[in-house]
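Mind having a look at this structure? Questions to follow.
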Amino acid sequence: MTVQPVFTKSLQAMAPAEYRLHARSWLAANLPAHMRADSTDWRAPALEESVSWEARMYRAGLAGMTWPVEYGGHGLTLREHLIANKEIGAVMMPESAGSVGKELAGPIIMAVGTEDQKQAFLPRILTLEDMWCQGFSEPDAGSDLARLRTRAVPHDGGWRINGQKIWTSGASKADYCLLLTRTGTIEDRHKGMLMFAVPMSTPGIRVVPIKSIDGKVSFAEVFFDDVIVPDEARLGAPDEGWDAAIRVLSIERATNRMYRPWRFETELRALLRGLKSDPELAVLLDDGAVRDRIGQVLGQIDALKGFVEGSVEQLLDGAQIGARGSLSKLYWSECHQAFAGLALDLVGHVTPRSSGLAQRIRDHFTTAYLFARAETIYAGTTEVQLDIIAQRILKLPKDLQK
Amino acid sequence: MSSDDHGLLPAELAEAARPAIAEARGKPARDAARILAEAGLTGVCAQEDDGGMALGLSFALAIAEEAGAGQLRFPLLDQILLAQAFAGQDIAGRIAAGEALGVIGWEGARDGLLRLSDDCDCDVVLVPTGQGADLIERAGLTATPTPLLDPDAPQIWLDVGAARKIGSLSGEQMADLRRAGEALYGGFVTGAAANALALSSDYLAARVQFGRPLSSKQAVRHHLARMKLLLEMSRAALARSLARDELGNPRDTRPAFLGAVGNAIWTLEKAIHLHGGMGFTWEVPLHYSLRDIRKIETAFGAGRLARQVAQDFIRAA
Amino acid sequence: MTVQPVFTKSLQAMAPAEYRLHARSWLAANLPAHMRADSTDWRAPALEESVSWEARMYRAGLAGMTWPVEYGGHGLTLREHLIANKEIGAVMMPESAGSVGKELAGPIIMAVGTEDQKQAFLPRILTLEDMWCQGFSEPDAGSDLARLRTRAVPHDGGWRINGQKIWTSGASKADYCLLLTRTGTIEDRHKGMLMFAVPMSTPGIRVVPIKSIDGKVSFAEVFFDDVIVPDEARLGAPDEGWDAAIRVLSIERATNRMYRPWRFETELRALLRGLKSDPELAVLLDDGAVRDRIGQVLGQIDALKGFVEGSVEQLLDGAQIGARGSLSKLYWSECHQAFAGLALDLVGHVTPRSSGLAQRIRDHFTTAYLFARAETIYAGTTEVQLDIIAQRILKLPKDLQK
Amino acid sequence: MSSDDHGLLPAELAEAARPAIAEARGKPARDAARILAEAGLTGVCAQEDDGGMALGLSFALAIAEEAGAGQLRFPLLDQILLAQAFAGQDIAGRIAAGEALGVIGWEGARDGLLRLSDDCDCDVVLVPTGQGADLIERAGLTATPTPLLDPDAPQIWLDVGAARKIGSLSGEQMADLRRAGEALYGGFVTGAAANALALSSDYLAARVQFGRPLSSKQAVRHHLARMKLLLEMSRAALARSLARDELGNPRDTRPAFLGAVGNAIWTLEKAIHLHGGMGFTWEVPLHYSLRDIRKIETAFGAGRLARQVAQDFIRAA
């Protein structure tokens, strides 16, 4: 652990209202204009700028809230996690460059890692000293992990890995890959799954970038050809590791990116401000159809806020979160995707003679519309979420009842 | 939420209210009022001096959902709201006791005409005005029914031009009552949707085609899953709308109400569809809820409300 | 054959444009105001009024266009059928009281009946002297006819029938039931299906009306308890009859109720006229959201018109119609149901002070909204139609291809 | 339909056009123009004196659908329309021959700015005016690209304040051209949707999950069935919009165009979704069609058009 968070003690002593005020004022004072998507000063941040900003947020107590202090966290509760997320949602800051580490690798290491692994990995995730990428998906295996083909076989006290991963976001900038493999044959299906923390500098790893619809290169295919790792790279025992990871992930799905409904509202406000900044565009907002849609979006946002807050209450009460994450992910993705379509329609009226802010908003929501295509796909498609709700929440029978 | 709830949870009260709601269902309005009053439901938010339980609106919301699920076709929510709003006045006690019946004409009168979802031969009617609201006597006023949407409980146009005023609410009181009304009616339609989902799930699990229940078909499962999704989102929004914001101010209840109504209409229409031929019979009771929800949508002027919500947000953005 | 159509010869000599003019002017001159749903004189027609009106339409050459002259038809082509349907769609006349006979029983008898049966039944269907009801659906068998339980067993040179039907529209006013039974056991599934023309006056038939969501009693359950019919009541041989019927029905599905898109447009126009008749309501039509929806509906109507006209062209060219009926039924039912919702929203603004026409329109579309609930259900639900499109039109594989 | 079509059917011409469209795809605009002109496509509706084939618009519609399906990113439809509209003028022959390039700015200029979906470094631009349209020279005009929707083929704002006018269309000519343009661009987006459906069907039949192709899942099947439904409805509406009505008058093409655009957007967005992760890669070419359709939607001002259609119908009702 190299960096001590600057506010640890005082953060833990803060009442919720104080913590909220701290988060709000810190962000207002520290987020540079060029990182605000609703500022005419905006420009695409370089990786090092994102990393540095996120490391600062962490030191200010706005990342790693619930992680234990001994692993670099702030030792706070889900209540502060929610408060921070609301404030993060209230500003148009860039998406996290270190989310795979913070949302995926960290919690899994916390659940199944050895004490040495926790000490080694966790603090460096929060300080952004280590960047992680996710190695779960394969070209031929989406939600059907029985088709996973990347294999790990014992080799000289360690493991030899061969296979191919896809949709590995941030692979080219990552220090480690959270890699899912199988040790048995494909006939073993869900058995024999094994996870690793693989340094991306290991020989035999090749990263092939994938250009996505919004013109960015944030994904990659990653090829593993006879990649040798020591046994210390293993996360958990075979089977045990993956099962624990599944449990962790279902909680994570409900607690990750809690800022979404608040950000959604901020985006709506940014869109409206952009249009209002130009009298020729402002009249668009007098239209009945536009108002109907805005009214609808506001109801959706309120529902999502209530749902997230309810989830936190339930978790704080010690309840199982179950498949609630499927409900919020599905609802957010569909509502937000539809909103992106509305925004695209509206910013289509912006011309080179429109205000600077209107042009900024046009650029932002044009890209947002394209990127929103992915929202109903990643982290479980709409259809997967609906299947989960039918199966695990409604428990609808597929066969005749006795 | 009231501090004087003796550790009672809203869900527990709703559970306890269920038999009374079932008993009141289908009874003439006066009988239903007595049954519900005896169970403490009409006065759930009324002051103890008025014979009420002085509980918070979250309790009334739970009862509202129960009433929607139980397809109670009696204006229980109006009784709850009026018994609370006219605290300390004679009418509040009489309503809480089930002795007087009141209904609320949410949109206010236009050209002297007030629309009511169902007047239940009531004693008093609350008529919103520019500022606040007037409580008027129902007796002697001319009513024009429009029975096509709901022949059993027609919508009524009441000519309130010559009405006798017997009470009033200030602008602030009416704003409180309107917020509470939006949340409670949102709860009612959400309960109706919950019931429609339950009926549909049961029906489709029992109905066999090609050797398997219809609930084994992915299209059916996804429809039901979407109903569940919307149901939980309505509940989340409504519960939140009743809680104070971080600064202790009341929240806007309109988006949650509008969302609940839209979600409930979708759910009821889809539930009827999924019931196949049975769905559009009078016998399968889904249609009662659809009529109720449509009447509530109209009563609150949901279309106009959505525009106002948007306009307010745009203005403040 | 008791009634000779009055225009037969001249109809057959008419050019399409003449026939169109004839249909248009005849309807304008003969449809009574009290049968027009968009007239303030409207009242619910009594059964005998509907029967008499439809018989007159037939004699005027506006029903039975494509049926052969020897069975009372007008011996015209599908082209005239389409022309008549367009003109029928252009006025707000009541739905046919004899549609089961004309759309279902007639075409099936034409396909599988004996010459005696054709002579006996077909002309009386067109003159409305015989009313028919449909006996296909059963409480436990929707689209899965393998579950059909109504049985016919040989009895004294005829047949004894036991079972129960449901959704039998017009059962209480019908003279005959087009009854589907099985002769074998339920294990024979689709085999051993047998159809009958059963006089509704036969002892052992009991009709129990079903009240529907719009408050009307147009459906019934029909119980058959030891109903004895002679062999002459049989329509086609076992199996053969039903298979032919299925083929007939797929054509019928594409050619029945061709008036729908034109009626749809007429309904939209009636809604608008009703609202325009009152200045306080007319302003609703200035709203952007309302205009967007109307623009959308107009596009849907144009598509349906083009699709129906295209189907007629294809059939006239001798093409197989295949599953095209699924496309038009599905699209019409969903678009029309959504339109009914829009109409309900708009007529919700009508008050007792509104114009008489506005009040008429409110009443009409309130009932229409309720009845529209059935449109995505009857004649094959949305899901059944989508399954048919996937299976028979797109031929999507369900199993791995070799 | 032209009477001089030598028994050729539109579908046959479209089939014959396919190789040229495939060859032109991805080529620089000038090269594409030559390839398409050699195949007779740019002049398909132009007069024979102008080097055209003098075929009816139904042929151009079939080609438009083929171009959409083949993801041709070259303004072939504008060439067809301009070569027909300027019949007998020098520019028509040069466009039909692939020697000159023209594009159409459907919405007309506002404050001197004209939006083009892609200007392809063209020679001439058609600018609708209050009545009719002006043909102007492209050379020397300032262009501001807005590349975010389509980096490969950015939308362009052209400053036409000081443009040199070299031709014009009367109000009636422009109305004809606009109708034809709506039908043809409707055909283009419908072709794009047809291609998306074909790609999706193939992909989902080949993609295996839990031992079966994804196309065995009812939810997937229903999505694809809906694409097919909308595709056939778009085609039916467009074909009808080009045929004269019973009185021999031209039909309103706007509803069919708007329907086709809405259906195509739905189809492309859904196709991308159904392709899962592959769908939002640059490699799977669905996104090109989505960009094209969105640009066409914007170019014609589809939102404004829908309002006009409704307004005209309301007024006439």
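Should a chain be cited, it is by its letter among A, B, C and D, assigned in written order, with residues numbered from 1 in that chain.
The rule we apply is simple: a residue touches a chain if its C-beta (ideal position, glycine included) is under 8 Å from a C-beta of that chain, and two chains touch if they have at least 3 such contacts.
Everything numeric here is computed off the predicted structure, so don't read it as measured data.
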| item | value |
| --- | --- |
| For subunit A and subunit D, chains touching each | B, C |
| Centre-of-Cα separation between subunit B and subunit A, whole angstrom | 39 |
| Subunit A-subunit C separation of Cα centroids, rounded to whole Å | 53 |
| Multi-chain contact residues (two or more partners), subunit A | 288, 290-292, 383, 386 |
| Subunit D residues counted as touching two or more neighbouring chains | 208, 217-219, 222, 303 |
| Chain contact topology (line, ring, star, complete or other) | complete |
| Contacting residues of subunit B [partner subunit D, same complex] | 217-219, 222 |
| Sites on subunit B touched by subunit A in the complex | 201, 204-206, 208, 211-213, 215-216, 218, 221-222, 224-226, 228-229, 232-241, 246, 255-256, 258-259, 262, 305-307, 309-311, 313-314, 317 |
| Touch list for subunit C against partner subunit A, complex | 287-292 |
| Of all residues in subunit A, those that touch subunit D in their complex | 137, 140, 142-144, 146-147, 166-167, 210-215, 219, 344-345, 348, 351-353, 362-363, 366-367, 370, 373-374, 376-378, 381-383, 386 |
| Residues of subunit D touching subunit A in the complex | 110-111, 113, 115, 144, 146, 148-149, 151, 157, 208-210, 217, 219-220, 269, 272-273, 276-277, 279-283, 287, 294, 297-298, 303 |
